[in-house]
Each structure stands twice: as C-alpha cells, then as structure tokens.
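Chain naming follows the written order as A, B, C and D, and within any one chain the residues start at number 1.
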Amino acid sequence: MSFVPGLGIVKGMALTLRRFFEPKVTVRYPEVQADIPPKFRGRLQLLYDEYGTIKCETCFQCAQACPIECIDMGGIDTKGRYHVHWGAPETYGERREESALRRSGRPVPDPAYARFEAIDLGPVDAVLDEHDHDPAHMLAILEGTQAAYGYLPVAALKRISHRTGAWYATIYGTATYYRHLRFKAPGDSLAAADAAARRPGDAAYLDALTTAIGRRVQ
Amino acid sequence: MDKALARRLEARFGSTLTGPVRQRHDETEIRIAASEIPEVLRALHDEPEFGFELLADLAGVDTGEVMQVVYHLWSVTSPDWLRVIADGLPREAPRAPSVTFLWKGAEWLEREAYDMFGITFEGNRDLRRIFMPPDYTSFPLRKDFYLADDAARSPGAGVRHMERTHEPTNTPGAERTRRVRT
Amino acid sequence: MTVVGRTWNRLTLPGKIVFTVVPVLVVLAVAAVVAIALVGETVLEILGANLPIVRFVVAATAILLMTIPTAFLIIYMEMKGIALMNLRIGPDRVGPFGSLLSVVHGLKVLMKEDFTPTGADPTIFTLAPVVVYLSAVMALLVIPFGPGLFGVDMNIALLYFFAIGGLTVVGLLMGGWASFNKYSLLGGLRSAAQIISYEIPLTLSVVGVLLLAGTMSLNQLVQNQAGWFTDWYIWQQPLGALIFFIAATAEANRTPFDLTEADSEIVAGFATEYSGMRFGFFFFAEYVNVFIVSALMVTLFFGGWNAPFPFPATSLALDPASLGIGLLILIAVVPVVATLVFAAPFWLLRPTWPAWYGLVIGFVLFNLVAVAAVAGWAYISFDWVAGLVWFLAKTYFFVFVFVWMRGTLPRVRIDQLMNFAWKWLMELAFINIFITAGAILVVEALRSGS
Amino acid sequence: MTTESRHASADDPRVLLDEQVGVFEPVPPYPPRTEREAEFYTLRDGEMFINIGPHHPSTHGVLRVVMKIDGENVVDLDPVLGYLHRGVEKLCENADFHHTIAYMDPLEYIASLFCEWPAVMAYEKLLDVEVPRRAEYIRVLTGELNRISSHALAMGFHALDLGGLTPILYSFIERDEIVEMLASITGQRMLFNYFRIGGVNGDLNHDFMSRLGTWMSRATTQIEANTGLLNENEIFVRRNRGLGTIDSQTALRMCWTGPNLRATGIPFDIRRAHPYSVYPELDFDIPTRSEGDALARYLLRIDEIKQSLRIIDQCLHEMPDGPIMAKLPRLLRPRPGRAFAAVEGPRGEYAIYAVSDGTDQPFRFRIHDPSFLHLQSFNLLMEGRLIADWMAINASLDPIMGGVDK
C-alpha cells in the first residue's frame, strides 16, 4: 500500500482501462471450436483397422478396468465361438460379483442362495453332471431342472449360472423365452398341461400339427 | 531409515512398546497400547530429543480383529515419518484417549475416526459425527460394513440391511425418528 | 370457447389484468382520438388555459418512459464494459454487438413467474419495488436535461432531490423485511444504515456549491456555470465534488459500496426472494439511480448541459417551413439523387460487384450523411438539442466511471463503510464548507475593499 | 376447469395453515450430542442463526456453516461437513490399486495431480518400485504447473469473495493456459488421472512443450500485472490486513500445513522438510511470512508461484531421457505392509496411508487432506469478526470441499 491514499485504486483502474482495449481471449464457441487433445478421454470409441473392421476383440479388459463400470459391451469372443456380453445385468451386484470372481481368483463365498428360498441343490447338481456342465446344453439343463423341481427356483438358476459359467442374464433370458419353462410352482394342473402342450416339439403338439397340416413337421 | 531414531525410541520407551520398532523406506513404526497414548505422544511432542511437533495424520484402522489408531508425526530431528500405532482396541467398544491436549487440530481428525470406525476418543470436547448424518447408526469403514457391490466379501445382490449392523447404545437420537421442524 | 377458456385459465393474475386492461385502453384511446376530432377546439382551449398541468403530465410521462431505455442502455454498458475489462467479449449475439441483450433480459424478466415466498407479507412485498422505482423516477423529475428540458423547475430542487433519494431506503427496508428471509433482512438493514449515513456527507458536500451559487434550483445552478469549462464548480469545489462522488456511489449501492446486495456475503440482499418483474423493478431502479447520481454530478459540478466552451453564435437561419412546396420536392428528389451519387463511385471502381451492392451502400451512406446533417442542423438551430447532447455525453461518462469501478474494485466491509462515512467524509465535508464560506467572505471583503 | 384442484395443492400458499409457517432455524431436531453442540445451539438475547451454505456463492463448494450472529457480528459458528461425502476411502478399499488413482482426482478438483501423487508414492513404497528419473521429473514439472494454476485460482477467488469481479477472470486466463497444456499430455482438463504406479501415463509431447515455452516467456510479467490489480488496492489490503490472524504455535497445534502455515512464519514445506521425488536436486526457496493473516496467506501464494516457475525452468533444463514407466505386472499384489506418503500440495500436506494385506486391493486406504484441518480453525480466526470477514478468511484458507468431505 502506498503512502498516497487511493494510489492503489488508481493503478488498478488504469490496469482495467488498459485491458479494456486489449484483444480478448474468449473463444467464440459455436464458430470456433477448441482443439481436442489427442489423448482425450471424454468419449468411448471403437477403433478400426486399415481394412475397416473393428479392432475390438471383446476381451473385456477395458470393462474390467473401468472403475465406474460405465462400459457395457457384447460381441463374439476371440475364438469366434460364443456370444459374450458384459454389463446390463439384472442387479448391480450380480455384475460385480462375476467381475470380482474373474479378476481376483480367490475363493469367493457366494451366500446369494441364502436370500432365496432354501432348496435342496442335489437335483440341480445331478442334472448339471448329466449334461457335463456345458452351457451349450442350457435348454436341456433347464428342462431337467424343471422336471426335478416342477418349476425353476431362482437358487437353482443361480447354481446353474455359477457352475456352468453362463451369465445369469442369459439363463434367465433362455428361461423366459420358452413358455413351457416357469418360475413358479404350478398351481393349476390344467394350466400346466396347457403349457406343456405348447412346447415346440412336444408329441401332442406335433400330432395336432400333423393332423392340421397333413404332413410331418420337421 | 533413521537407525538413530529407532535406538532413541527403544531407549526411551523400552517397555512401553508392545512390539519391535520397525523401519521401512522413510518410515519408523512403533506400537503401543491405547492407554499409553497420552504419555508417549506427550513425550514425543515435548522432549527436545524427539520434538515431533507436527501431527501429519491421524487414522483409525479396523484390522478385522482389533481397532487401531495410527498417528503419523514429523520432526526436525529425524528424516523419517514416525508412525505410532495404538493397537489392540476391542472392536465392540473401542475407546482411546484423545490427543487434543497436544494438537487441538486433532479434534476433527478424531471426529472423523469416530464417525467412520466408532472409536470413542475420551477427552475430545466435540465428539460427534462429521460426515455422516447425525441419525446414522453404523460405522462405514469397519470391515463388517459391506458395500452393496462388494462382491468379494458380501452376497451378490444388495446388502442395504447391513447398514444397521451396529446399533451403538450411546448414539443419541437413534431411537427417534427425524421429523421436519416447523 | 374451450381454447379461449383454457388460455384464460393458464394466465397468471397479472396476465389476466393486462389482457383485460389493454383492450380497454386501446378502445379508450381510439375514443379519445375521435372525441378530440369532434370537440378538439374546446379541449385545446381547456388545455391551453391549464398549461402547467399539461406540461407536468407530459413531463412525468416522458420521464417515466425515458427510464426504461436508460436502464437498458446502462445495463448493456455494464455488461459490455465489464466484459471488455475482463478480456471477455461480452454480449454479442442479440442485436448489433449484443446491444439488444438488455432488452431481451427485460422481456425475460417480464415473462417470469412472479413469486411470493410463503410467510412473506404480500402487500409490503409487492409495494417495495414500486416505492424504490418511483423514488428513482421522481428524483429524475427535477434534473435539467437541457435548456427548457426539465420536469419541474423548483426553487428547492436540490432539497427535493435529497428528500426523494431518502425514500429509496424505505423501499429497500420494506423489501428486506417483508421477504421473510434473513439474508433479505440483513440486506435491508445494511441498506438503511448505509444510505442514511451517506445522506449526510452527500448533503453536506453540496453546501459549498449552494454557498457559491446562492440557489437550490438546479436550473439556476446550471445557468451559473455557463461559459468556458473553467466556470464549472468542479474547479472551485474539487473536495466537494470528490465527497459527492463517493457518497453518491454509496447512495446508488454501487461497487465498492454495494453491500446491500453483496452476492458473496448475503446472496442478493434485499432482492434475494424477488423474481419476475418485481425483481425487474429493483434492477431498473438501481440503474436509473446510477443515471441520476451521474446526472446530478454533472449538473452540480460539471456545468450541466453547458458545452465546455462557448459555442460561436452561428445561426443557419434555416426554417424548413419557409421553403413551402420546395421542401416536398426536396424530400422527393434528394434521397434518390444522393443515393445515386454515393453509389456511382462503387459502380465505377468495383465493376465486378453486382449493381445493387452499390445501390445499398449508396443508400446507407446517404442515410448516414442525412442523419449527420439533420443532427448538425438541429444542434446549431436548437439550444435544447445542444444542451441534451452535452448533458448526456457527460452523464454517460460518469456512468462509465461507475461501470469501470465495478469492474475493478472489491467491496468494502460494513464497519469500514460506516467509519469512512462518519469519520472521514463528514469531517471533510465540514472542512469543505468552512473553507468555502471563508473564501467567499475573503473575496467579498477584497471586492468591497477595492 | 382445473381451478379447484390447483388451489387444493399443497404448494399453494393459500392452503397452508398459519402454524406451518415459521422461521427456519437450523437447530437440529435431536438432543445435543456434545456439550459444545448444546452450547452452540443455545441462543442468547439478540442473537440469531444464519445458515451459510451448502449452496451459497462463496462457500467454495458445498460447505455449510451455521453462524450465530448478533447483528453483523459473528458470535460463534459451526461448520457442518458431509454434503459431498462419497466414502472414497471405502470405495478405494474395494477397488484394485490402479482403480484407486482414478478416485483420487475428484478429491482435489482444482489441483488433481496432488492427490494422485501421494497415492502412487505410497503404492510404490509398498511395492518397492524404483520410479524412472524422467518420470519423476515429469511429475515435478506437471505438479508445479498444477500448483501455479491452483494458486492463480485461489487469488482470483479471494478477490471474488470480496466482491471484485475481474481478478478471477484474469486468473482463469493463466489457469486455462496451464490446463490446456496439461490436457495435451494427460487428455483431460480437470481430472488428469495422469500418474501411474511406477511412472506417468504418457511422455511430454510437442504440443505441451510449445505451449509451455510460449506461456513461460510471458508468465512472470502477466502474473505480475494481474496481481497489481489487488496487491496495492487499499480496499483489498485494508480488508485483509490483520484478518484471521493466527500465530505460528497455534497454527502448529491446529495441524495446519502448506501456505497457510508458512504465512505464520514456519518454513514447513514437505518438499524440503521431508524430500521426495527429485526435489532435493532442485534449487528453490521456501517463502515465508510472519504476519499470519489473510493478506499474508494471499501474498505468500504469489511468492510460491514465482518459486514454482523457477522449479519448472530447472526441470526443463535437467530433464533426463529414458523410460517413463517402471516395469510392473498388470495385477498388483504387494506384500502385506504399511506405507505412508505425503506431498506438498498447493494447500498443504496431502498424505495417503495405505495398508496392504497381500491382495489386489488396499486393506486400508486413508486420505489426509489439508483443507479439512484448515476449516476447523474458523472459530479461532473469526474471534469478534463480521459476517463479511468469514468470506475473506474462507477464501484466504482456500479450501477444496472435494477433499474435505472425501
């Protein structure tokens, strides 16, 4: 602070007046757009190689590494065998559980079954053993489970998911697609018979079709 | 590593230490019982041979079996950070003496440790929750407080109910429902 | 019917009032025109007999209407000026160089919901902006804009001005109290303390001028300062002018004394709970106040509407009416000819351009020249035009100084503010009065002695 | 028509009963938990509460302060934290070591690098990793740039909280230059996420170097000119001189660090007091001031900017060639152990205390933030002050609520 009262104020005002006439720094946004740095991380974007095919091999490394779990992806796995999927689960915890399983490798206690009604998992395991824990035989496994329990208990589905390695989402989707698979114990035998009759490939159904169309259906 | 500091510490606090003095990188670590906190820290703070005048950090730790209060100190007499671990606080009712008589600024650090671990610091004049809402009853940084998505340690789907694992008896207002004051 | 009914139900209460009143007003205006056409003579005679009343009504209306563009202009100046000082561009989208942005802001404020908080006192809450705004407009009534251009020529105009200026604080207090908000309350009380304190140095600082001039009529004060710019009171009253300027800044609640609406401390002070046009009134009143204190500064110390140098008494002696039918012909012919004349160089020198480019440029140039010519003619021929030009130029210079200060200075604290008023400004104002009085005595003694 | 139903809504003031309309007092609806709280929430004659924040123009985020005022005088105040509490420590204990670095950035959103730095330092100690020297130099270089941008902003906000509109924009011009520079190597303008365990993510590039060169050539004069707006301004100086004074011993007892502590005369700077990275090889001073008031804290930041410019200059001259990342496996499983790392940030000591239990996630992850400790001194600093002084003191302490609330 100077000895002359008000000199600092005058200096400041001189500065602002000088700046009044200086060139401005504003970027006029819609007309002029700022450069985006080459390592900009604001947008997720798949890269293409020189032949125009997507470089992404669906290895899920990015999805695993993403701390906020915003990456959701699906595709054919690296050997071209299965359709694989990451994300969009029914519950948030479901996804984390699987990701943690894959990543850490340590034994993961899975008390999830406790949240559902306690069932005897022996029949499911038997069905799974019968089908060699192969997720490709999912429909057969599910039908076997339904035959064992009369319906599909959620705990059994979780068990199937856990043992076969298939996504719970996939199993659930499979189970909901086929109308003869049900999630509740059949209360009405007529409805059950009706549901069973609608199964594609069912004998009665095929008979009915054969009589209707007049020839054997493949 | 400051070997001289380790020797001085052993000479001064020989029997008070509950474990050997450990040194790694630029840190020296001693372990004491929680009841010894005032004496040891006062000695470290006041005695010119130590002169640890700056409290760099105060942290609560839940090891799963016991609770700890960890102090990090800095002094001109040593190139090391000094870590004082007050060990062996029972998880059911962890209590430790406050160090606000040495560092008044430890008040909020202790409030934070209380908020997150439920460690009661005796002698802190204003020990109440600092981050969590006042009617909150559990202590989030304890190891038995599971996150909803903590897959490695908890059931797969949400575990919101775990928030009420701890119902400390001394939390005022826990029995009251919160209502808007008009 | 349903459409009309639905629309009607969607209107707010002010909307309903406006949509009822405006058609009635239009009908009444048309009726008035018809009535004047029918019984015009009689009405004119009655009006002519009561000329002062007519003059007052016209002046009041004109001033009321004038405040709106004034506020718009000052708001634009502030937005643009501070932006330029901040090395920003500022408003540049609406209108040329963004000059219509303040108008758009005004429209936006009109269309916003007019909200009264629960617990507020609705009557006082609604009246507060009116009081503030009207006190600003009323103060404008006595300011001489030019020779003969003033609302009322009171002999106690200055006293009236300060009295009305003190009314502002009532409005701010009302707003602060009725808002049912502690920030508003603090703002209202701050404004009361601040404005009442600064009234004293403000009033005392002009006593020196009054001693010199011997009159309180602003019109007379301006006429006293006619001649060269050395005749302005600023040279005889520099201290008084400085005190007046500082105190007026505080009166107008401007930076660095804008404690009443200190946004970083008490959110928006008395205006925290206001929205819509009620806030708009506060906002307008603030900028009208800036204009008023600048105008008074100019009137008292910077010669009012006087030019800084006596303009040579030229007269064009051009009365357009005397041209008779020639004027009509000129109006018909000159624009075309001038446009062609101005366009000709572009046609000749830029043969690649389309012809209408030249025509447009020529037309614009002709308009510029015509406006300049008419303005010059008006400036020379009419005193009041010249006076108005000088007055507005000086006033807006001081408005710019206010903007400039706002762009530069931080805010003072409330105790510093009060200390400054009571311990410095007031003492300095008293010293100023004593020195002025003493000097007048000495000069008179010398004159009578010699 | 729907008129009736509109008026019956609970939002309509006409249906509110009189007893529902009352003054909101921020008194908590539960019995006081401590004596201090009971004392604070007891009003004497002529006093009232005023609630500053959590949404207030000058609380630098979501700080809430309940003030007990008597007219304009502040009798007592009680900061209320937790409005930005995200439980970062818990999140980090459930994320793997690489993930935790991403959680560090928003803690210190003005100078992000300074919260990443202690985290990676602590992990490097746990893993016994040697960081390449070029990486260390890059860390120092970017860190000091970030410090300048933070200090520049602190100066601008100080003026803004005192009602000055312009300095903040001049500050932002400097900050924007620096942030653009850092964006060209890190990819982001604000949350850089640049430091990695064992190095940095990406080498310096041409864009960065050319921008830095242009900026360095005019930085000193530019900052000097900008400070001219405030340093001599009578209003600014008078409002800050003697405000929020604290003596050095009290500051130590309040666990202050950083520029706020150095403004009381104690030259405690972790870069010198407990050297890390390549700071021992660099030549710079630790500016101190003895007044301990708001003005001293403000002026000290300007001095620090000059020292940071010196450091940047030396870094550019002595930058070695070489790798920028140590060789590390993707999945980190450090041996069980404890590590404490602290760095000198623009606000003081940022420290991380990390405990590893041999898995890929930290067992305990403690974040120490200096602003948290500075904020608790409000009662001391506001002894007999006015409401407007709180804004100045708060601005001079320069807190960042992201780190305070964790």
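Assume a contact is a pair of C-beta atoms (placed from the backbone, for glycine too) under 8 Å apart; a residue touches a chain by one contact, two chains touch by 3 or more.
Source: prediction; values computed, not measured.
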{"item": "Farthest chain (mean CA position) relative to subunit B", "value": "C"}
{"item": "Highest C-beta pair count, chain pair", "value": "B-D"}
{"item": "Averaged-CA centre spacing for the pair subunit D and subunit A, given as whole angstrom", "value": "38"}
{"item": "Whole-Å separation of chain centres (CA-atom averages), subunit B against subunit C", "value": "65"}
{"item": "Shared interface positions of subunit D, touching two or more other chains", "value": "22, 166, 173, 229-230, 233, 235"}
{"item": "Residue numbers of subunit A (touch at least two other chains)", "value": "9, 12, 15-16, 25, 104, 106"}
{"item": "Where subunit B touches two or more other chains at once, by residue number", "value": "149-150, 152"}
{"item": "In the complex with subunit C, residue positions of subunit D that touch it", "value": "1-3, 13, 16, 21-22, 48, 50-51, 56-58, 72, 159-166, 169-170, 173, 229-230, 233, 235-236, 238-239, 386-389, 391"}
{"item": "Partner subunit D, residues of subunit C touching it in the complex", "value": "5, 9, 82, 85-88, 116, 118-119, 182-183, 186, 190, 255-256, 258-259, 262-267, 406-416"}
{"item": "For the subunit D and subunit A complex, residues of the former touching the latter", "value": "95-96, 98-99, 102-103, 166, 173, 183-188, 193, 202, 205, 207, 225, 228-235, 237, 331, 359-360"}
{"item": "List of subunit D residues in touch with subunit B within their complex", "value": "19-20, 22, 24-25, 27-37, 81-82, 85, 87, 89-91, 93-94, 125, 250, 252-257, 268, 273-274, 337-340, 342, 349, 351, 353, 355, 361, 364, 366, 368, 372-373, 375-377, 405-406"}
{"item": "For the subunit A and subunit D complex, residues of the former touching the latter", "value": "1-2, 5-9, 11-12, 15-16, 25, 37-42, 65, 67-68, 103-104, 106"}
